[in-house]
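Just dropping this structure here.
Order of writing sets the labels: A, B, C, D, E and F. Residues in every chain begin at 1.
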Amino acid sequence: MKLQLSTWQEVEAYLKRSRGVVVPLGSTEQHGPSGLIGTDALCATAIAEGLAERADALLAPPITLGAAQFNLGFAGTISARASTLIALIEDYVRSLARHGFERIYFLNGHGGNLAPAKAAFQDLYGEYSLAGGRTALRMRVRSWWELPSVDRMRRELFGDWEGMHATPSEVAITQALYPALVAPAPKEPPRKLPAEFLRDHAGDNHYDAATHRRDFPDGRVGSHPGLANAEHGARLLEAAIADAVVDYRTFLEEK
Amino acid sequence: MKLQLSTWQEVEAYLKRSRGVVVPLGSTEQHGPSGLIGTDALCATAIAEGLAERADALLAPPITLGAAQFNLGFAGTISARASTLIALIEDYVRSLARHGFERIYFLNGHGGNLAPAKAAFQDLYGEYSLAGGRTALRMRVRSWWELPSVDRMRRELFGDWEGMHATPSEVAITQALYPALVAPAPKEPPRKLPAEFLRDHAGDNHYDAATHRRDFPDGRVGSHPGLANAEHGARLLEAAIADAVVDYRTFLEEK
Amino acid sequence: MKLQLSTWQEVEAYLKRSRGVVVPLGSTEQHGPSGLIGTDALCATAIAEGLAERADALLAPPITLGAAQFNLGFAGTISARASTLIALIEDYVRSLARHGFERIYFLNGHGGNLAPAKAAFQDLYGEYSLAGGRTALRMRVRSWWELPSVDRMRRELFGDWEGMHATPSEVAITQALYPALVAPAPKEPPRKLPAEFLRDHAGDNHYDAATHRRDFPDGRVGSHPGLANAEHGARLLEAAIADAVVDYRTFLEEK
Amino acid sequence: MKLQLSTWQEVEAYLKRSRGVVVPLGSTEQHGPSGLIGTDALCATAIAEGLAERADALLAPPITLGAAQFNLGFAGTISARASTLIALIEDYVRSLARHGFERIYFLNGHGGNLAPAKAAFQDLYGEYSLAGGRTALRMRVRSWWELPSVDRMRRELFGDWEGMHATPSEVAITQALYPALVAPAPKEPPRKLPAEFLRDHAGDNHYDAATHRRDFPDGRVGSHPGLANAEHGARLLEAAIADAVVDYRTFLEEK
Amino acid sequence: MKLQLSTWQEVEAYLKRSRGVVVPLGSTEQHGPSGLIGTDALCATAIAEGLAERADALLAPPITLGAAQFNLGFAGTISARASTLIALIEDYVRSLARHGFERIYFLNGHGGNLAPAKAAFQDLYGEYSLAGGRTALRMRVRSWWELPSVDRMRRELFGDWEGMHATPSEVAITQALYPALVAPAPKEPPRKLPAEFLRDHAGDNHYDAATHRRDFPDGRVGSHPGLANAEHGARLLEAAIADAVVDYRTFLEEK
Amino acid sequence: MKLQLSTWQEVEAYLKRSRGVVVPLGSTEQHGPSGLIGTDALCATAIAEGLAERADALLAPPITLGAAQFNLGFAGTISARASTLIALIEDYVRSLARHGFERIYFLNGHGGNLAPAKAAFQDLYGEYSLAGGRTALRMRVRSWWELPSVDRMRRELFGDWEGMHATPSEVAITQALYPALVAPAPKEPPRKLPAEFLRDHAGDNHYDAATHRRDFPDGRVGSHPGLANAEHGARLLEAAIADAVVDYRTFLEEK
């Protein structure tokens, strides 16, 4: 059930049977030599749609800008400041809580969103914590690639070439979604990154844009999207949706 | 050309032939007894897509939350604070300007966005104005219903029943876009609003949500969407796109 | 009754008979070759004073800085950021509401203030809307030139030469108020502006200061203040006050 | 020379002979049983006007709201948050600096403004300090009662009954300015405050409004405005202007 | 070399041999039935001191408040909003960068600080990324428990009883630092947490304070500090310092 | 009783016998040719510790960064923006008030903190003042050098050479605290400052950093720390603690 394609009466009826809602969290940034700029938003939205359909959950409109300052050296990237993203997430949560929603599940497609999302949650809960009362409101941010079957599958399919950005997994999903649109990525692998780099820059914890472009001139960050194909994408998508349904239902049942 | 479905190299190539970009500006709020919550975003996006296609313009992803606090009394409305919307528009503009875009055209579908958008422009230009230099950067916000042919057509089709919110025009467009989804609106007209009300509350300059729901219990604000049909919608959509193309091209040519 | 010249006991007594208050909203910016930098504040204050006197309304001190970044290329302009003006209007409203005021009428003299004022209202109402309760608090911003008799009169007197900034109407009012101070404006008309310009830049929706000065080197924006005289000013002032009294009283009676 | 009553060309000419400007800093708050709510702004403006006239200085429009939260328990007080006042002072300074002003002299009439003014200066200078360059920009905030002759005179005239708020000095000045408007204050003195109170609450460093009204039910804070008369006011005004001229000139000559 | 105990000339001299600096990042919050409220700051500071000494690095004063809203239900917890912590980290970085520091290493002792720290880095780099230039400035936040030898050791020593908060590892370190002060923790283990809880609440991504106290009434979150002793603490401290030296040196050498 | 070295149960017990808490307020900035960068924080913390011990008061962790933009021209200075310091003080106060603390005593060691601290208090009280209720919450900021015995002693010991920054008093205290660390200051006095300078720049109301370094090249601002010795420091420390105990107790007893 898509919020944008529903009436307010339908949402009112939905609230009688569920207090949960799903919000896709994307980004709008370069995704390597062949990847789509919308990759993160497209993947998060597709998975969230599948989840909403199977779990009979309400799907809110996606947040399409993410915190992606490090990619501003590549044409087309539009980055939200962390402070803007925090404010926007606060507005989603406060508006939804106003109607009685109590479980807000952000299905995330961009590592750089994790810090702002968690910071937003801290300050939202903090208002209740200072006031002293207890709230039934819960937020969760879940990146699709950390869902257990997906995580296993992407390692099996691509091993270390999954890398960090413009990953074969996400490119594969866009190939499944838009087969005509995604050109094949180069067959030559990118520079291999040491494990320390992945650890230290997890959550897209990268430096400034000019440094980032110097270090990753075609936009691939240790990832080899040339290994991806649409069939991988379809399998990853299915795995992600199946896992997300379980995860979302567990979240709904939390006390 | 859709930014989300392009690669960064394609955007780089686009910038060699144009400095313009189109951003749909929507909202996520109740639209009366039968209207879709996403109506404002859906209309703005559809018109902006048509514009981008015909004018060979780049289409950025839509801003789907608008400033819609007055509709928070109706389930499903998600409202951005004016301050959040200002910050988000600043991020769009600064990111796009970083790549060399100089004409940023916001195709607007929600009256309540006009004040925040213009306030954002003031503070963006203000940074240049205080620094002293001159910038080639230009922003415009254009609501589709003020485009001349659309404005004429909606008055011809619906007269005063166009009203202010959940208008037959916007509902007609969603009927054209999603014929299966939009149920017919009630045939009984809503309460008729005096001209003074329209003047004083233009730009969705409404009061608080509880007052708004008291005054407009089914969400129609002087509008009679029961008069709309999909054929109206198709004609309005066509008129809006045709006008927007002219308007956008004029904007590009400004000095 | 002027707030600044009253005691707190007098305001307490006033609140027993009225919940309304008038706040002039001005600006401090260049007004063409002969106009006073304070023109917007002076006009708004004079009209608001007349209104307060005739309607037995309380007059709060004026907001003298407006959002006028586009005029920073001319010496003497002092511009408030939109965000500052929003904060200041919030402080006016919250303080006045604390005492029991429920109808706050901003008599506006500067187009660039409309967006920040409306954005401030959105976020003020939004606090109530998120909390869920209903408030009796109402704000209105009314530019004096849109009052019906004034609007008619200024078109009759000056036609298209009314223009956008340093208008003959506002200059005439300052001539009536300060006959000794306002030098006659040049008799040569400024560059004539196309109707599109007026439409697209309504609400002083102008570009950066250096561009603005390039385009309007003496500060007149399609206006021909050389047509103004003090007698026009007196008539406009009278019309504005008379209309504002009616408008304010209607506002007081809103439910 | 009043900025509001000047043209931009006159300000441009002024800047060729001086880089200084005077800004009155007032407040809008209760001033005891007979004092005017505008007392702080009226006093600061009158002294600043005298200063500007004698020193051939430019006079900017006053800031009429001060940080006066502690007086919100008395009808009519309008208080700016410290954060708003900081933003507004920043806008004054940045706008004036844009035109080449280098000495900005805030003539202050309200103790509660000192902390926000100084905090604003810190963050304004801080921008230059972080950037690394040197600026010729200087701000000063001077309360009129600390000018040496005024300080001496008010102690001679009123001794300890000068107190902290609704002081006989400020009330006397408004009596000189508006003889018809200011009713005589009660002849009974208020509660006498211990020296520790004055020390600990200097700069209007008071508690919340309800506590303040509990402790000072008629608004006098250790002050006995019943001792004031218009003649005192005229002498204090003259002393303040004379001292301010000297002080301002010294400020202009700083390196 | 401790910044607080150095002169500015000594820092100037230091900058000739190094561009690195270490900042401990702590928190001030309950740490279970026997743990010290300052545990996070004490551990981070002790490790950072050891690191600074061995690596000849400059040690800046610690940030003692962390983002700890979920612990506000326990007396003594002082929590910084995420937005405050972001601002404070920005001030550290901008001030240090002003002097020429280029490698700022935050040694972290509280999971809840990770999101605000990373969000702060995003917005700091983002300023450079929007401006377009390249910066040599690098920030890193490293939690001591993720250093490889520490991570191994704490698993060996405490297995799953390491838990999330008031961990035996951190309590052990405070026992080593303040043997007289830390009372033994209860010998009865706390409620065991499922792996899903640890995954979903990593980074102290907890709910509001009243919920948190309901779920963890004595403040232990799956941790069994009763297993800790001072000897463990000494070993963990040594391991953390040794690893941090290596990690910091690698960071210094990044390009 | 040190908060950082207490458990939450101990704080809970403390709250049964007292509602007061002491927070040292320091700064991290150059202190002349021989002074320690941490001087302000070290002095404030040492005095606050003595106070807490003798008055059986709870001691919160110090705020170590102050508003010190004017010293950014000297290596090692880390300055908090006034706005950051305001936010941080708000977090201290709101967190402590959450637990029932009602008297929050900031023992201050840096003049530049006074404006931000008072501005923070204004906005904290202002929230209660707008809401309308009364609060028992009280904050005080007390600089140790204004305590009466200290003020007398430092004038007796150093006369005018006390000056403004890197004062012999504060350097003496650090000599008493860290005898091995503080090198003797130059025996040549600095440039003598006129009384006007001290008056106009009280509260460290200085200009930008580059100007400040130009005017005070070795960091002494009219102060002659070469007159200080550890014995002076011990006496000043004792006087400060004794006075602070009295002052704090009086504060606790306020209604």
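Quick notes on this one:
Note that in this section a residue touches a chain if its C-beta (ideal position, glycine included) is under 8 Å from a C-beta of that chain, and two chains touch if they have at least 3 such contacts.
All figures in this text were calculated on a predicted structure; none of them were measured in a lab.
Chains that touch both chain E and chain F are the following: A, D. The chain with its Cα centroid farthest from the Cα centroid of chain B is F. Here the spacing of chain B and chain F, counted between their Cα centres, is 54 Å. In terms of their C-alpha centroids, the spacing between chain D and chain F amounts to 27 Å.
Multi-chain contact residues of chain D, defined as those touching 2 or more other chains: 72, 79, 81, 83, 95, 98, 129-130, 132.
Screening every pair of chains for touch gives A-B, A-C, A-E, A-F, B-C, B-D, B-E, C-D, C-F, D-E, D-F, E-F. Chain B meets chain A in the complex at residues 2-12, 15, 28, 30-38, 41-42, 60-62, 64-65, 72, 74-81, 83-84, 87-88, 90-92, 95-96, 98-100, 178, 181, 183, 219.
The touching residues of chain B, counted against chain E in their complex, run 94-95, 98. The touching residues of chain C, counted against chain B in their complex, run 67, 69-70, 72-73, 79, 81-83, 86, 112, 114-123, 125-126, 128-130, 132-135, 137-138, 140, 196, 200, 203, 205-211, 214, 250. For chain C in complex with chain A, the residues that touch the partner chain are 129-130, 132.
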